[in-house]
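Shared chain: chain A. Partners: chain B in the first complex, chain C in the second.
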Partner chain A sequence: MIEIKNVTKDYKDVRALDNVTLTFEENKIYGLLGRNGAGKSTLLNIITDKVFPSQGEVLVDGEKVSNNDEVLGKMFLMNEKNYYPEAMKVYEIFNWTDKFYPDFDLVSAFELAEKFKLNTKSRVKALSTGYASIFKAIVALCSNAKYILLDEPVLGLDANHRDLLYKVILDRYATVRRTIIISTHLIEEVSSVIEELVIIHNGKVLLQDSCEKVLSSGFTITGKIQDVDEYINGKDVISTETFGGLKNAYVKGKPQNVPSSLEVTKLDLQKLFIQLTNDKEGL
Partner chain B sequence: MFIEFSDEKPIFIQIAEWIEDAILAGRYEEEQQIPSITEFSVACKINPATALKGINLLVDDGILYKKRGLGMFVAKGAYEKLRSKRKEMFYENFILSLVKEAKRINIDKNDIIKMIERGFEND
Partner chain C sequence: MRSKTKSVYKYNIMTCAKPMGIYYFMVLMIITFFVVIALFSSGSTHVSGVEFATVIFLLVMALADFRENFEALNQYGMSRKTIYKGKVLAYSSLALAAAIIDRIIVIAASKITSSLENFIFGSFFTTMYESFFDKLNFWSENLLALLLSFSAYLALMSFGTFLSAVFYRSNRIGRIAIAAGVPIFIFVALPIIAAYVFTTNLANLITKFIDFTLSTPLRTSATCLLGAIILGVISYPIIMRATLKGK
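Up next is the complex of A and B:
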């Protein structure tokens, strides 16, 4: 279990994290969602002791992470930044990682490289944005660490490779249960993959709950503007949008006594997220 | 992808309905093994907890059962059970709304019966 206790991080005049308290349980897949600059990467870097908090602490399996090699060995962070020597070739880094991480699954790393058509003889610096992400994700997923933290793992990946990566994540998870934290802003894509949802915004935790609970906490209703307005009158409405005489309303609660002129569908996670994290910007 | 998910219902219910349809269509026969939680999870890109929840709905209904260490199997009598369940749903989902709509636009009973006969002939 990863426990984040009252963690605050200040960079000069910016508060990147503001008194964050969060728990990541064992053997679950988490989605860490937030807009650009919300504090996702800072949080992952603090968990893995790459950045020090201004206040608060992080415990992994009950032990403090700061300067604790044993605890740090339980975690593997795939970072947006590249910490690998750029002149090295992919296969050299696989072999090198295998020496330093006793649980590293070298065979699977080469198999996955093959699946993604990642050229293992290529130098790290020669990889495209997409293949750099794939390469780092493979190393992280094959680390077999108890806690795998993936920071924007689908950055620069095309639709086919994103699809394959989600399948690979689920396949690795099926082989050995572990905690996987995926930070992303591509919400709709990960919503079926993750079990738990954490939304952070402006350095604060806005929401932590099971994905399914969140999805069943409300619904979407569609129909003629007048009919929708009549139905949502007095209800807890998250947001609405209109187009060509029709109206969509995102409503909290369970749909009840819906007239046949209206259509009910699931809550749209992306819409909920935009609404929750909207700082009154836009057209 | 074998299962196309829609936005109308939770994914775990759609998994359960997909298995039900496959049993009714004879793709999975009684005492035959169905795909594992992992196979559903990876093929459909869904969390295994979601797949498990869908499958457990059918275990509770006696449609599927677990063989220890082997996996999930279609129970004896599952086909008949599903058929009578769907027959009941057919009345609720189709016949009741058909009658309601017919009344609304003034089609009488005999006309409906004729239409149904025509439907069977044209099928």
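Up next is the complex of A and C:
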């Protein structure tokens, strides 16, 4: 279990994280969501001891992370930025990761590289943004670390590769259960992969709950503007949007006495996220 | 050696092996070039700068190597303490390896070119302390030259690591200050200070200090080793507080 206790991080005048207290339990897939600059990357870097918190502490399985090789070896952070030597070839980095992470699955790493058509003889500096993300994600997923933290894993990937990567994440999770934390702002796509949701906004935790619970806390109602307006009158409405003569309303609670002229669907995670991070209010 | 420190040690050795290989290939090519020149010309050639060239090379390698290795090893989940330990062990091994290779080059090149009357191949350090080394037998001379080279290489590598760690930790203004400050201090401030100091009573004290620390190969070795240790100790807290920087 990863416990983040009252962590604050200041960069000169900017407070990147503000008294964050969070817990990431074992064997779950977390979605760490937030707008650009919300503090997601800072949080992941603090968890893995790459950046120091200004206040607070991080415990992994009850032990402090700072300068603790044993604890650091339980985690693997796929960083958004590249920190591998740029002149090194992909296969060389696979081989080195195998030396530092004894459980690294070298065979799977090469198989996945083939699946993604990643040339393992390419130098890191020669990789496109998309292939750099693929390469880093493969290294992270094959590390077989107990806690895998992926910071923007689909950065620069096309739709096909994004789809394939989500499948690979689920496949590896199904094979060996572990904690996977996916930090992203591509919310709609990741909603089918994650079990738990953490939303960070302006350095603060806005929401931590199971994805299913959050999505079942409300519903979407669609229909003619007049019909929707009549139905949502007096209800707790998250937000609305109008397209031509049709209107969508995102409503909190359970759908009750819905007229047949209106269509009820599940709550849209992205809409909920936008609403939460615009208004800075919790559910 | 613990397995993680061992992995960091191996990583440092492997990443330095290639540039060192290229460096020694170039050294051999240059020596060969001068030998060929000596064979076909009547002018005399004196080569004795291999160790000095190695000092510069190892300093530059230590300066250039810090950021990339620190970030990569951090990415591989290594703690700063392990990164530091691995680097100290690797640099000690590399300094020793470079000292041995240089000795072999000096001995071999001297033997091979001994028949050439217009070509003299010597050692930088033995030339520096010629009167001292002349009194020693073959084994004592080489052992002492080896110790001297090793200490000097280690001191310069420690200096390179210290400087690059400070540079890595500094902000933009700090980096500019280091980049401009070090050469300005060495080439501008130091001669002015020296000119001023040597007109005062401090001159005798400084001359005596330099004389004491660098007058014999053994004292120079001890000074270099002490310098390496001090720089290593100062670098420790700097590395321990280093964090990953954005690119």
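The rule we apply is simple: the second predicted complex is superposed on the first by the 278 of 283 C-alpha atoms of A that agree within 3 Å, B and C clash if a C-alpha of one lies under 4 Å from a C-alpha of the other, contacts with A are read in each partner's own complex, and residues count from 1 in each chain.
Heads up, the rule we're going with is that a contact is a pair of C-beta atoms (placed from the backbone, for glycine too) under 8 Å apart; a residue touches a chain by one contact, two chains touch by 3 or more.
Keep in mind the model is a prediction, meaning the values are calculated, not measured.
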Put chain B and chain C onto chain A via the superposition and say whether they clash or fit. fit
Could you tell me if A:Phe76 is touching chain B, chain C, both of them or neither one (first, second, both, neither)? second
Classify the contacts of A:Lys50 with the two partner chains as first (chain B alone), second (chain C alone), both, or neither. second
After the superposition on A, what does A:Pro85 contact: first (chain B), second (chain C), both or neither? second
Partner chain in contact with A:Asn67 - chain B first, chain C second, else both or neither: second
Quick one: classify A:Lys266 as touching chain B (first), chain C (second), both or neither. first
Rounded in steps of 10, the angle in degrees at the Cα centre of chain A between chain B and chain C is 150
According to the stated criteria, A:Ile194 is in contact with first (chain B), second (chain C), both, or neither; which is it? first
Check the residue A:Thr97 against both partner chains and state whether it touches chain B (first), chain C (second), both, or neither. second
Once both structures are overlaid on their shared chain, how near does any Cα of chain B get to a Cα of chain C? Whole angstrom is fine. 28
Contacts from chain A onto chain B in the complex sit at residues 29, 163, 166-167, 170-171, 173-174, 192-195, 211-212, 215-216, 220, 264-266, 268
Contact residues on chain A for chain C in the complex? 45, 48-52, 67-69, 72-73, 75-77, 79, 81-85, 96-97, 99-101, 145
State the interface residues of chain C toward chain A in the complex, per the touch definition above. 4, 7, 10-11, 15, 68, 71-72, 74-82, 240-241, 243-244, 246-247
Interface residues, chain B side, partner chain A - complex: 5, 7-12, 37-38, 41-50
